[in-house]
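Below: one structure in structure tokens.
Chain naming follows the written order as A, B, C, D and E, and within any one chain the residues start at number 1.
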Amino acid sequence: MTAAMPVLRRRRFTTPRALRTPLAIAAIAVIAFWLVVIVLAPVLSPAGPLSQAFDRLQPPSAEHWFGTDQVGRDVLSRVLHGARVSVPIALMLVVASMLIGSVLGAVAGYFGRVLDEVIMRVADLVFAFPTIILAMVIAASLGPSLGNAVIAILVVSWPPYARVTRSLVLSARQTEYVVAGRLLGNGPFTSLTKDVLPNIAAPVVVLATLDVGTAILLLSGLSFLGLGAVPPTPEWGAMVGDGVQQFASWWIAAAPGLSIMTVVLAFNVLGDVLRDTLDPRTADAVKGGTL
Amino acid sequence: MHTSISRVAAVAAMTAAGALVLAGCAATAPNTPNGAEQGGGGNGTLVVDASFDLATADPNREYETTGSIVAKALYETLLTFEGDDVTEPVAGLADFEMSEDDRVLTLTMESGHTFSDGSEVTVDDAVFSLQRVQGIAGNPSFLLEGVTVEKTSDTTLTLTSETPNPALPFILPNPALSVVNQEVVEENGGSADASDAAEDFLNGTSAGSGPYILDSYDANAEVVFTANPEYSGDAPAYERVVLRNVPGETQQLNVQAGESQIALDLNPDQAAGLDEDAVTLISGASRYVIFLFLNQSEGVSPVTSNPDFLRAVKLGIDYDSIVDLAGEGSVRPGGFIPSLFNGALTADQGNQQDVEAAKEALAASGYAGEEVQLNFPNDITVQGLSLQSVAESVQAQLAEIGVNVSLAPAPVATELDAYRNGTEQIGLWYWGPDFPDPSNYLAFTPGELVGLRAGWTADADPAVKSLADAARAATGDERAAAYEELQVAQNESGPFIPLLQPAQNVATAKSVTSVALNPVWTIDLGATK
Amino acid sequence: MTELLRIEGARISYRQPGRGRIEAVRGVDLTLEGGAVLGLVGESGCGKSTIARAVCGLVPLDDGRVLHNGRPVRPLGLRRRDAEDLRIQMVFQNPYASLNPRRTVGSQITDGLRINPDRSAWTVAGLLGEVELERSAATRYPHEFSGGQRQRIAIARAIASGPDLLIGDEPIASLDASLQARVAELMRDLAVRTGAGLLFISHDLSIVRVIADDVAVMRAGEIVETGSAAGVWDAPQHPYTQRLLAAVPKVDGLGTLPG
Amino acid sequence: MLLLVGVTLVTFVLTNLVPADPVQASLGEQAAANPEIVEAFRERAGLDQPLPVQYVTFLGNLVQGDLGTSQQTRQAVSAELGRAVPATIELALGAIVVSAILGVGLGMIAALKRRSAVDQIIRLVSTIGISIPSFWLALIVYYVFFFQLRLFPGSGRLSAILTPPPTVTGLYTVDSLIAGDMVAFSDALAHLVLPASVLALYTIGLLTRFARSAVLEVLDQDYVRTARAKGLPGRAVLLGYVLRGSLVPIITVMGIAFGSLLSGTVLVENVFSWNGIGQYSYNAATRLDLPAIMGVGLVVGVVYILLNLLVDVLYGVIDPRVRVA
Amino acid sequence: MSDSTRRGLAGSGSGPTGDGAVRIRDLRVELGPRSARRTVLNGIDLDVSPGQVTGLAGESGSGKTMTGMAVMGLLPAGASVAGSIRFGETELLELSPRRLNAVRGNRIAMISQDPTSSLHPMLSIQRQLTDHYRAHTGASKADARDRALELLDLVQVPDPATALRKYPHQFSGGQLQRIAIASALMCRPTVLIADEPTTALDVTVQAGVLRLLRGLCDDLGLGVLLVTHDLGVMSALADTIAVMRGGRIVERGTRHQVITAPEHEYTRSLIAALPEHHRPADGKDPS
């Protein structure tokens, strides 16, 4: 694929240019920073994430930049290692829910009828629950663990993809080039893979980018409630949860909270930039289903 | 002055919260957070923050910490304790006399106690109430298991036990055994058998003779009490008490900010963070014992049931650092009986850390690094202390001697099942006494309630078993020694590893001059001044 | 002898949300011989595009038949189109929507070549030449072309498959006036040269007059008049046709108001 | 309706998949060891019946408006929800009103100043709004604005020294107004500020972004150009034409945003001791209180349906094309 | 305002006085971001006189629509304008936004190509006919309604009273364009800018609208700037024609002159592109 990445309308964009705005660069830099942290966490951390070698509840100092927590662990080290938990899991989660959701959505949209009804009713059902309440019930039922939290989030996070993909497929299916392709003898599978999916991939991927943030927030929210990461895993949400116990030791929650925010923010900005380069209409379809 | 600051703030808030709320903040400014300060003296309102585990306001059904506070405020019991001394029961609605063989307890009603509807508390009410506890088979009904309640005259009743029951006078002060107004309760569907349907009514209206009457009740949010004009004792210092459900960390802020006058569930770190100029802190060891157990059932875990492994764990734990973790006021018990009760061991009589010995024991056990699971409930705190910190410490300490522990927390509701069915490999739990008598801790012996949860069957440890039987049978002054001996033996070979008694930290506003704390009902709101 | 296309008593209706069914085509008969050009004219909403779609099998008939070489056209469901039906091809109205934006022009024309019964009839370069585009166009993407050029590509793609019936559904409506006649003539020439019949649908009478052999005038789902293009133009019989023709402004520089 | 049955069925199945036994969760240490007590409890809670029978019983009671009794608190679920739901509604309404005004306003400004510095700033701020973990923000806000600055009251919906107004709607602000109790009103409003603001931040971010793109879309419409060509004053064009034209997508998002508010309440109510549906559902879920979970599921389902209904009605009010059809 | 408000509906045109005319001189417009600035109008001179239809022909992208927008002051944000657009004695390019607002919709009105999108789909016809009238004249609701009824009658919308209560989607395209014209004429403007006013309409409907425009021009003395790419429409309606290409006017003259005897090569190619039978017969000028 060369420079051009055409979309449904006359617009075009070249990737380098779209990503050249200061905000986009900042976002990419933040993500790059955390990727480096993920790789180098053991090297960068002054202490092990589980080591309880220090005095408890020390405020930030030269020795412990972000202080120590309630059992005497170095918060900085835990935050750095926390990136290895939250970010990769969120990325995998999003990819998985994108795959599940868009396959279901594409099937529902393209083949319609009973499949469509069944898939979309189920999606409605999931939609009817506020995500975190459903995730909470699931996580509580299965017992808290990162794995179960991931399952819970997967269960609640595929419907937006299904909806968006379905509506994109529905409208793409009507477009003249898809019809023209059918007239030229494309079977349903060829039509879907050759004409429909390539043209809706961009918005779905943008949705996924925007969803990374949501996934991190959900995951950390569940961990915060004690329904996600299992201690002593250095998960950011769980660390904020630890911090709740000691208002006076504000630093326990400060760094992990900020970390969540920067990562989520970076992915959201990146998603925005990608979305803005798309046709505004497509962008609406994208955002319309994010929640 | 506060007014003007608040007005400025309101303007600032506008940027954060939007123009719409502006009107509200500005209007509220004069009576926001400081209003509560006036509640301190005289006939004002007392605001008490607690972490709720409230299930019901029906005294004969409640068996939770918060429920006891509520029942204690609304009702009276036949016997009671004086202040926080739980070593000696005293007369409440009745005076008592125990037969020589510890089997028949005779209670004589004291006159002059009246229910909130003005009627007198009679022996019939007392008999009805105790029979109701038994008949409705609620949480507390085991307290009177094997006990027959009979009215013997217009002023007396007897409680006859099948077996000698020296603990009975210590059981009777439990607020679950409160006396309710028979007439009122029966009018509202109440009875002393399973057909009882008065709970709904009692959740809305109290029918007792306690210092307060129930004003409103929301098991999830708050309970409001108002003074009972018919109360026969000293009138309570506060006309109105609001008992609110607030998490510990917020309690700390509230009591300092003057939003509440009493905070009941502060953990040591929160307590340490208090501004002593603004609040008074009362701390002491609580009645709870947090303990670890290793399952002795080979089916559950061949690792934890290995005696050498068990010994290694006992030797590997850094008991002092765990008590440090729990902060000021917490105590390290020598055995499973908490320091407040007869028969308790001191810390130096308990197990001690010895890393080298632990490693040897571990080597002897043939342990090869298998992962063992440590289960604990993660959504509850014991006196504000979360079990998670303790679990994390234990995990790290055992890692030092080479034991690979994985933590498996769960909400208490989920985890209880595994705990009570005895399927946990390593469990981290706590025990709150049902009544302040060491006999309550016989549950921790082979074949008994808690023992079985650790896979400690009746025939698993005959030595300890016989010591337990001896303790049960002991009377008078022999009892303490018998229980001490039992605990020493348990520490040696039993699956239970008592870790700590967390501190109970209660913070009060300076306006509160006296707080009536007690290990059985936590706080007597009626006697708080 | 069977006609290339015969439409008999076609009735087609749509379901519109909230408004019930709307009958777009109510009893239409049409025939088209191979190699001939039939112009179907009418104002917006008269049902002419619906007929085009029905001929391709894109909308089902409520009643009546569409026969292609004497064989009913199968409605296009989820399955691949029948080989016979592949010989009916269409050029759509909107050149911006009828080409896949993610694939090169060449590969899209190749799609057409693949189903041509006569494999050696065309090459991509040859076809591009036929529609007056550079050879190099094959490696480029649709967005690099103007509307008129895209429509030429769409025509090339349709012709590539060697259709015996070509349908133009308002193929020139979204082009600039100065291009309309040229593209229409190109389409006609290619169709006639390859021996295909052309069903040309348009609201522009003046252009249909130039390229069509026969004309059918449609109004509100019915054909009101058919005849040779010249005949209808010169002597319209139906009052509606007369009005329609009169409404076409004359480019005479005289300020004559139409209608 | 089908949705509601679906919701209850899913919740029912889900909660029964749990390996844990609600009996254990509800009974004390000694009591749980006593088969008589356990049996009595099971009978009271209807747990002695086979599962399908339990579900049918639940549905049967439901039709009569009976949601069953909480296993944990042994109170009627409907009564508990009757207290929790208005609390959350009050919170969510406060948040949605604030975010509607600020979100739509900021979105419009950003759209009008497209690509300017103002636009960039608004967009960045709104993105931050959807990026801050609400549970973290709640902590900060509680600590700073209540504890440090003492600007706003802390826990709960009303200062404990005040008596809640007589219940009419269950919303303290509204009820106190009805009762004419201005002290309670301003106190309730002050309690609302912090949690509602925290909750609103996310929806403000969401709405700003949507409003911006909706308004941008409309600004490109012919009818806006026509309105300007008619020489209408700027404000009339903006409010009468642009805003009106972009309301449909904005309303749609507000519907979605309300849903996300309900999610947010779980995390925020926790910190502010706001005894609403969020706290209730957290307690119900962690204590495996089946009837309570079912009740929450139902309420949420009903809210979802009502919300959709309301959105549809609003579509009709806004857009005559929908109205006629 | 004095002149136009006094003139009644039936009153015949006041003739091509300088007062109601638009004079465009050396109009230059540049658009686009700084890095890719492009000139879209490059020295346009054009007059629109009362009672006259001035045609502006050209293909898409030639700048004809931009010329109309420049007169209305509706150029896209970031456009830079040079030259002069005078309306009577007023220099439109120098007016403050507020004073420009007092002119447009009031003295100079506009109708655009697609009436289904140029009318707000969610507002009633009455609102869209009267809001600017009330803003410009301060008329009461009832007076504005009367005026609207009058105009709907003038543009031959059946049952005006009912029509006022309806919404755009309840009308056909032709009716909507009539309503749009009525809306444009509410404040008795002297100049009407008609940008492709019939392109979206069917031919039979187009004929009616063309007749209406011609009538308004003749009866009300309205000056019309007709922007269209359709030479048929141009030939039917315009009195004078200017042909645009690439932001410049390449040819101008009377209708007959430009259509039957085009001088510029480009104009000739436009005419040559017409279907054969559709081209103008050799120049017979009736005048």
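Simple rule for what comes next: a residue touches a chain if its C-beta (ideal position, glycine included) is under 8 Å from a C-beta of that chain, and two chains touch if they have at least 3 such contacts.
Source: prediction; values computed, not measured.
Between chain A and chain E, the least number of touch steps comes to 2. Under the contact definition stated at the top, the chains bordering both chain B and chain E are D.
Between chain A and chain C, the least number of touching-chain steps is 1.
Central chain assignment: D. Criterion: smallest distance from chain C-alpha mean to the mean of all protein C-alpha atoms. Chain centres here are C-alpha means, and the one lying farthest from chain C is B. The leading chain pair by number of C-beta pairs in contact is B-D.
Chain C and chain E have Cα centroids separated by 34 Å. Separation between the centroids of chain C and chain D, computed from CA atoms only, is 54 Å. Per-chain CA centroids place chain A at a distance of 23 Å from chain D. Chain A and chain B have CA centres that are 43 Å apart. Shared contact sites, meaning residues of chain C that touch two or more other chains, are absent. Of all residues in chain B, those touching 2 or more other chains are 247, 250, 253, 379, 411, 414, listed in ascending order. In chain E, there is no position where the chain touches two or more neighbouring chains simultaneously.
The residues of chain A lying in touch with chain B in their complex are 50-52, 56-57, 70-71, 140, 143-145, 226-227, 230-232, 242, 244-249. Contact residues of chain A toward chain C in the complex are 4, 6-10, 12, 111, 175-188, 194-195, 198-199. Put simply, chain B touches chain A in their complex at residues 247-250, 252-253, 267, 269-270, 272-273, 325, 378-379, 386, 388-389, 391-393, 395-396, 406-411, 414.
In the complex of the two chains, the chain C residues touching chain A come out as 56, 58, 76, 78-81, 86, 88-90, 92-94, 96-103, 111-112, 114-115, 141-144, 154, 157, 161. Those residues of chain C that touch chain E in the complex are listed here as 43-44, 176-182, 203, 205-207, 209-210, 243-244, 246-259.
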